[in-house]
Structure formats: structure tokens, C-alpha cells
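Take a look at the structures below.
Both complexes below contain subunit A, partnered by subunit B and then by subunit C.
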Partner chain A sequence: MGIEIHHVKKSFGSFTALEDISLSVPSGGLTALLGPSGSGKTTLLRILGGQEEPDAGSVHLAGRDVTRLPAQQRNIGFVFQHYAAFTHMSVTKNVAFGLEVRKTPKAQVRRRVQELLELVQLERLGDRLPAQLSGGQRQRMALARALAVDPSVLLLDEPFGALDAKVRKELRDWLRQLHEEVHVTSVFVTHDQEEALEVADTVVVMNQGRIEQVGTPEEIYDHPASDFVFGFIGEVTRFGGLRLRPHNLEVTLDPESGSHPGRITRLARIGFEVRLEVLLDSGPDSLGDSHPPVHVQLSRTESQALDLQQGDGIWIRPRAAAGVREAEILRVGAER
Partner chain B sequence: MEMPDIDWQLAIDSFWPLLRGGLTGTIPLTLASFTLGLALALVLALMRIGGSRVLSGIARAYISAIRGTPLLVQLFVIFYGLPSMGLTIDPWPSAIIAFSMNVGGYAAEVIRAAILSVPKGQWEAGYTIGMSRNQALRRLILPQAARVSVPPLSNTFISLVKDTSLASTILVTEMFREAQQIAAFSQEFMLIYVEAAVIYWVFCLVLSTVQDRLERRLDRYVAH
Partner chain C sequence: MPTSALNTPAPGTDAAPGRLRSRFRSTPRSRRRRRSTLTRPAGLALGISVLWFSLLVMIPLALLLISSVEDGWSTFWDTLTNVQTANAIRLTLVSALAVTAVNLVMGLLIAWVLVRDRFPGRWLIELMIDIPFALPSLVAGLVLLSLYGPESPLGINVLGTPASVFLALLFVTLPFVVRTVQPVLGELDRDVERAAHSLGASRATTVRRIILPALTPALAAGATLCFARGVGEFGALVILTGNRPNISEGAPMRIQSYIEVDNTAAAATVAVLLLATALAATLLVEILTSKERPR
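This part shows the complex of A and B:
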């Protein structure tokens, strides 16, 4: 009874935004539509929200066919990327507005707004104007406003896109918690794979108007269904004929079976992580004449144990464990 | 050029008639024309952005005609031209009609731009919480567009205060016509016209101050 999308198609002029989308979103879940820009994720969300109409196909929300229903009658909550706060109204009024439009009795509106402001932790800022709130507070207000009408579905368009990294992280955790309390079927759009994997319980990976894969964050990460998903969901580096995650390469100071010599051309420490750029030595048994630099990711402890410095000569090979995870190593032939 | 002696007594004696012309002529004429003009402008702006090509075309043609012709000519067409078609309108209503039509043409573009400057997301946000197009327009879009249009509309208003002096040419007794009459009678053209100019200037200074206050008040709704 969540969201059912059947064979939805949408073009803008000669550009095909959605090719033939069928998707079933379970009731009560928190689903991410993940993809690069132009993948059709926002178009799909806007079709759910009633801001766009599909050229073909149907959309059911909570068991009701809403394909041709205007946004007003869909009973959805929508959180816009740039807040879309009503700048001429106080925070309280912003949240109350949807209820007032529906002619809800005043006392009931007041009670509900109070509840919602507490839920989004803005109860002390009710008299402020949106311009007097920080970005994170404004987005929480937008969320309260969307939830005010008791929507059967909550849709969020890049909800944290306009916020700085730290606030974004806080809000992610907070959205996860909020969803646990409210349990409304929710779909959010993001181009940030980390955000999708961390927040959602179902991830829908989209590319060029098609769905590449639907699964839990673990499934998506551990068993990517396509080359695209593999590349999009995390960093990928090339090692000879293999494509693999940078943390699945092992660095040694002496040759081991299957390892190749190279030189560290760059070494960057980012917190507890050390990233290397390694240029493989050319030679008779080299992995190809114009092999691109290999990216390797180590923990700081590993790096310190080997006393790695920029310019050092080292040996690298795929980790033994990486071989087990077949899906993570794909043949270069399919490289885009 | 010789410096004439200033006839201070005449300056003082003529002050009240001039000010009265301002208070009973210039200001009511400005207020009435601006109010009606704004209403017309809003209708024109909505015609321009609405879905209908015909309405949009009509509004566009009207705005083009108003902006492409001198205000004095518009005034004359209504007051001196219409009677030859059997439609005679008194000086005051003629002036109000001409100035309203003129303000309507200019302010329509200001209002249209202001409405379009409100992000599309505001309409969509209104729709998702259940508002009709009309409700969204009245309660979300126009209040936010009003803020954007205050500075340009204030300019239109201040221009109008000065433009009402043209009504003297169709026999409306406002400040400038009063000045012409006193000047003709006393032959003190320089003194009287400068005095009238100063009063216009003071009116506009007051309006600029009001505009500043209004803008500052509205500014708190904008995030910095």
C-alpha cells in the first residue's frame, strides 16, 4: 500500500527524462532515489508529488490512483530543496498554513502546530520569520510544514542539498530518527551516495532515466548489479584488468605473489584515512603502457606501520578478501 | 543678469493658495490615480502571465501603447479628443482616467516582474498543502511580490506626483495651475514657479522617506 509506479514515461522535448519506470515502494519505509544529475530522479519525485504529469504509465499512492490528480488532492507532504519557506509568515504560521487552508478548527491547529514544532525542535522559535532561521532550522520548519497535513506520503527533493557539510550530517541522523517516530512512507532524492546509504532503508539507483538497481544499502554496496552502480556508489580504481575499490588494494614493501611495483606520487591524510596515488613501474611484465595512476586507501595505522612517504617505491596487489567479493571486481571491458 | 528684489510678502501670501492647490489637487489626484492605476496594473500583469494568448496579447499591446506615447498626448486625447466622438468628460475625471491608465501601463510590467521573481517552488509548496491557484496567488505570491515591487512602484508614485502638474493643461485646479494663475496676476513668474517647485520637492522628499521606511520594514523578511 506504499507507492506503486507502473511503466511511467516522461520526456521534455527531445530529452527522455524517464524511460519506463516501474517501482514499488513499501509502506512506512524511507527510500532514496539516488543518481547523478539528469538521471531522472527529481522528475520521478515530482511525478509522485503532482508537479509533473507522466506521458504514460500510472502512479498509486497508498492504494489510490493519483496519476491525473492535482497536487492539492494527493495528500502528500513535499519538502523542497530550497525550503520554499513562506518568507512573509512566522514559523508557526508557515506550519499552520496548510491546516488553515483546510479549515481545521483553530484550537486543533494550535495543538497540532505545537506538537510539530516540538518534533522538529523549533518550539522556541515559533515567532521568528524564516529569514531569521539558519539553513538547518529552515529545513526542519519545511519538514514540519510538510507533516502538518498528515500526509500519506512524504517526498523530499534533495532536502539537505543547500546545507553545509556539518549541518547536513546532523540533519541526516535527525531525519532517520524522525522517520522512526513518524513512520510515514518517505521518498527522498539525493545525488550523494553516502547520504543514501546512511539514511535510507531502500536505495533506488537511477541513471539516464532508468532504474539500475533497487536494494538495501548493503545489497547496493556489496552486490552492485551493474558497472554503473559499482562506479557510482563508491570510489573505483583500475588495477590491470580489474576495477575495484581503493581500499581493496594491499600495499607491501616487498614483492608478493600477484603484486606489482610502483611509486607513491601523492599521499594525503584525511582523518584516519590515508589515500595514495601510485604510478606503476613500466617494464616487460607491466600492466599496460599507459596505466592510469592507481588509487589506494589505507587506514592510518597501516600506513604508519609501513612508514609510507611520498616518493617511496612499494608493491601493490588486490587484497585476498577482495577476490571473495566477486561483484566488486568487474572486467574493464565494460568500462564506460 | 540682475538680482531682483524678492517680494517676500508675495511669497508668504501665495504660499497658502499653492499649498492648498497641492493638498486639494495634486495629492488627491495622485492618490486616486495611483490606486486605480495599481488595480489596473495587477489585472494587466495577471493577463500577461496567465495561460491565455489572447489576453496576454491584449495586455501587451496596451502596455506598449501607453509606454510609447506621451502622457500629455494621452491626457489631450481623453479631454479634448473624446468630445468629438460625443463623449465629454469633466477635467477631474479626465485627469484621473488618463493618469490611472498611464500608471497601469507602467506598473503592470513592475508587478509582472515581481510575480515572476517569486520562486516557482512557492506555488508548488502552496499546491501541495492544498491551496488553489487563486489562494496561492493571493496569500503566498502577491504578498511576496509586493515586497519586491516597493522600490520601483515608489518611483512610479513619485513620478506621478510631478506628472499631475500636466493636469493644469486640462483645467484641473491643482498646485501648478494655481501657480500659473498667481504668476499671471502678479507677474512674478520666477518667484512663484520656484516656490511651487520647492513645494513639489518637499512632497517628494517626504515620500522618499516613507519609501525608505517601508523598504527597511520589508527587508526583515529577506534572509541575508
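This part shows the complex of A and C:
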């Protein structure tokens, strides 16, 4: 059950949007399709939603072959980035739309709409027009509208993309909670790795029409399957021939084994986090002569303990444990 | 009496263009009342606008109203009950209404094709839509006469029949609905239709429940313009209809005839009636469409 995608291909003219996608999404899960723009994630979602037809391959939703089925008959809920609200209808009417189209008895529609408005915390705003709602409220309305028809699959296209940072954060938490209550198989598209890692229980990383990796957020972050995933999923900096996460670099005031001297050219404090740009003193070793500044992330406590200031001379080295291993894998990958 | 005549038309005529404009934008904001936000330059601009509007529209209109009743109400009444005049007015109103109805359908269809479809020669249609706008309406009459006149290659001759009025109005009002609907249709978010589809709505249901309501203000604006133009059209009728009294003579022709015999009061009476009908239509459409939208 859930969603089964077999060898789906799609091109637009000479542009290959999806190369050969096979993916199995478990029933009841919350899955993120993550990738940069042009990676094919939205095309894949639209194929699931029946808004695009694949050139080849098949799509099964909840055990049913829907490859050639129009959107109307797929029993899906679709949430759009820009809400796609029915602007001339009240919030209540928007949510009721799918049920009314299905000729559900009036009393039942009223009950179900009430239920959903409570679920998305809009029960007091039922008489408003979408234009009288904030962006976050509009997207919650859109979600209620999509859920009203008891879809077998809920598809969300960059659902928080049009919202400002704070509302985005709230809605993310809220979507996670909602999913725990409703448990409908859900797939959402995002280009924001933080969003994917935070909200989803399965992350599908896509790039150039292909799936790079499928895994839990931890697997994706800790064991990236490719150079691309490593680079896309979190920040990366170069330390000589190595690529690693900025927080996997250790800063000391005195030389340690494996460390290199450098100077702090920029120090920025972002809340609890301190970001350094360090220009390494060039040496005869493997680090080479010309190199961009190395980015280092420290906690504020660490930075204060060392009393770091812009212009200070320091020593940096990769931390023991995960960082080094990752870096070595990727060094091989990069030279391939 | 002249004073009351002066007072009555002013608010009505003032309101009509404002309402029309507000419908184009279709925001309720323009109706909100603001009192003391006028800065000095804005006050000056408003003053100039009102003066301009008065000189060009309001005062002439008021004088027209006065002249329609200056020979007394009996002349006013006699003019309207004159059989030939009444027939002309009826023909004009019926034709304008029919043309408006046809244009609502055809205009929507043409706008739809222009906005939603990409095909070779689209630019040509786009250009041709405006020809009725661009042509002097006398020329419009000539153009129609060549195809639907006595020498019609199709064998259809409307000259001197009531159908000629309908046809002439159809031609000159063609662009209105197309041009009011087209931009609104173009701005419609396609995702809204996709959302309706995903909720199980068929194409027909989506058009009826989602697209048409969104287009209603634009359709209403187009219909109003269309009707008003239809009621007032003169040039095309002169050429195409043959002006046969009681059969193919339109109301504007009656105005012309009255002026020719120097019966200004009668001419003004017909003019006032046409004006009142057009304004009433505008108001009616406004009331109907604002009711349709929930608060």
C-alpha cells in the first residue's frame, strides 16, 4: 500500500525532468521530496497528483493503478504553494467543496467541515473570505479542504514556501502534529533541507531527475550516499583536500597533531552559534597554496572559552569521529 | 422645477463611473469613505477633476434633462407614447439586450481561446478584436452592408429589417466582453482549477463553481459597457438599417429626426430615456453582482 512508483520517466521537450524514478512510499508516513529547483521533485509530485502524465512507468496509490487516471478520480488531497483558495467562497465553503462535489448529504457536510475547521484551528473564521486570512491561516484552510474528502494520499507542493520564516516554523511543527493525528500518507516537496529533516520521517533527495538517496533524516545527514547529498543536506567547507561540515572542525589556541595555523578573518555571532572564516597560513603541506577561507561553526560557549576575536591566530583540525570519516569518503568521491 | 432637475441627476451620474471602475478592480476598498486625507495637491487635483467633469458631463446632462421637460411634462409623455418613437425605443432596447446576451457567451468564448490556447494566427485574432473599436461606426455599417446588404454574396440581406439593428450592434459591441474578461481570466491562478480537480470536481463543475464566479465582475462590467454602447449606437445603424419607421428604426435615429425638425424637447426626452435605461442597467448589474459575493 502507500505509494508505488515504477520506472517513471518524464521529459518536457529536450529537458529530462525525471530520468527513471522508482520509489516506494510507506503507508501512513510523512515523506519529503527534497532537491534543488530543476531536480524533478515537483514534476514527480504532479505526476502523483494527476496533473502531469508520465511518459513511461506506472504509479500506484493505495494499491490502485492510477497512472492514466485523471486527478478527479484519484482521491487525493493536494495543497499548493500559493494556497489556491477559492477566493469567492467563505472558508467553510472552501472546505466543503470536495464533499459537495461528491453529493454528500448536507448535514454530514456540515459536521465534517466543523470537525476539520477545529482540527486546523479555524473554527471561528468559517465565515471569512480567504482574502481576510493571513498566509498561515489560508494554508491551514487549504489543508482542511484537502483533508475533507478523506484522501488516500495527501500531496503538498512547497506548502510553506510562500510564508515568512516565523509562520513557516510554526506551521512545520503544526503539520508534524497534525500528521500524528490524521495519519494519512503524505508527500511534500521542499527545497529546504532543514524543513525536510525536521518534518519528514522519510527524506527522498533528488537531483537532476534522479533519486540520490532515500532514508530517514538521520541516515541522510549522517551517512550521505553521494557527494551531492552531502553538499545539499548541510553546510560544507573545504579543509585542504577534505570536505566536511563546518561544525566538525575543532579550534585550538595551540598546535595539536593534525592541526593547521590560520587567522580569523571574520567572526559572526548568530544567536547561540558562532561562525568563523579562517584563512589558513599557506604551508608546504597538502593544503596547497591558494585556498578559500575555511568556515568553522562553534557554539557560543566554545568561542567564549577560547576568547576568540576577529584577527586572532588559531589552529584548526578536523574533529575525531564522524567528521573525518565522512571527509575521507568524500575525498575519494571528489577525485573520482 | 429646474432646480430639482439639476439636483437629481448629479449623484446618479457621479456614482455610475465610480461603480464601473470599482468593478474593474473588484475590490471593496474603493467604496470605503475617506474624509480628511486630502493633502493640498490632492485637493487641487480633485478640484480640477470635478470642474472638468462638470464642464464636460454633469452640466450638459443637467441641461439636457431640463430641456426634455421645458415644454412641460405633456410633451415629455407625448413623445414617449408616440407610436413610432416607442417602437424605435423598444427595438433599440430589445436589440441591445439580445446583443448583450450573445456577447456574454461569445465574448467569454473568445477571451478563453485567446488566454488559454496557443495557436498560429492568435495575434491576428487579438488584433481583429479591436477593429470594431478602431473603425468609425459609419465604416462599420459599410463593412457589414457589403456582406449582409442587398449585394450580399451570401444571399443574406438584412437591410431594412429589425435584424439589421441586432447585427449592427453585434459588430460594434464585440470587443467589450472580450476585453474586460481577458485580463481577469489571464490572472486566474491555474492552481485553483487544479485544486478543484483534485477535490473531484469535473471540468464543467469547475467552470460553473470556480471560474465563472471569479469572472462575474468582469462579465458584468463587459455586459454593462456592451448594453450602453448598444443603446447609443448611431453610425452603424444609419448605414445598415435603412431606418424604416416602426420596423428598423432605432431610438438614436428618432433623436436625429427630432433635431432635424427642431423639436429639441422631444429629442432630449428620448435621450433622457436612453440615458436612464443605461444607468439603471449599470445599477442593476452592480446590485446583482455585489449580492452574489459573500461579505
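Operating definition for what follows: the second predicted complex is superposed on the first by the 322 of 336 C-alpha atoms of A that agree within 3 Å, B and C clash if a C-alpha of one lies under 4 Å from a C-alpha of the other, contacts with A are read in each partner's own complex, and residues count from 1 in each chain.
Just so it is clear, contacts are C-beta pairs under 8 Å (C-beta built on N, C-alpha and C of every residue); 3 or more make two chains touch, one makes a residue touch a chain.
These numbers come from a predicted model, not from an experiment.
Asker: Following the overlay on subunit A, give me a clash-or-fit verdict for subunit B and subunit C.
Answerer: On the shared subunit A, the partners clash.
Asker: Examine A:Ser90 and indicate which partner it touches, taking first as subunit B and second as subunit C; both and neither are also allowed.
Answerer: In the superposition, A:Ser90 contacts subunit C only.
Asker: Touching A:Pro318 in the superposition: subunit B (first), subunit C (second), both, neither?
Answerer: Touch partners of A:Pro318: none, neither subunit B nor subunit C.
Asker: In the superposed arrangement, does A:Pro217 touch subunit B (first), subunit C (second), both or neither?
Answerer: Once the two structures are laid over each other on A, A:Pro217 reaches no partner at all.
Asker: A:Gly77 contacts which: subunit B (first), subunit C (second), both, neither?
Answerer: both
Asker: Is A:Pro130 touching anything from subunit B or subunit C once the two structures are fitted on A? First, second, both or neither.
Answerer: Touch status of A:Pro130: first partner only.
Asker: Of the two partner chains, subunit B (first) and subunit C (second), which one does A:Gly50 touch, if any: first, second, both, or neither?
Answerer: A:Gly50: touches subunit B and subunit C.
Asker: Identify the partner contact of A:Gly98: answer first if only subunit B is touched, second if only subunit C is, both if each is, neither if none is.
Answerer: After superposition on chain A, A:Gly98 lies in contact with both partners, subunit B and subunit C.
Asker: Touching subunit B in one complex and subunit C in the other: list those residues of subunit A.
Answerer: 49-51, 70-72, 74, 76-78, 80-82, 84, 86-88, 97-98, 101-102, 129, 145-146, 148-149
Asker: Taking the touch rule as given, give the residues of subunit A at its contact with subunit B in the complex, in rising order.
Answerer: Against subunit B, the touching part of subunit A is residues 49-51, 70-72, 74, 76-78, 80-82, 84, 86-88, 97-98, 101-102, 129-132, 145-146, 148-149.
Asker: Can you check the complex and tell me which residues of subunit A touch subunit C?
Answerer: For this pair, the touching residues of subunit A are 49-51, 70-78, 80-82, 84-90, 93, 97-98, 101-102, 127, 129, 142, 145-146, 148-149.
Asker: Using the touch rule from the top, collect the residues of subunit B that touch subunit A in their complex.
Answerer: Residue list for subunit B touching subunit A: 119, 121-122, 124-125, 127-132, 135, 140, 143-144, 147, 220-224.
Asker: Which positions of subunit C touch subunit A when the two form their complex?
Answerer: Going by the criterion above, the answer is residues 189, 191-192, 194-202, 205, 209-210, 213-214, 293-294.
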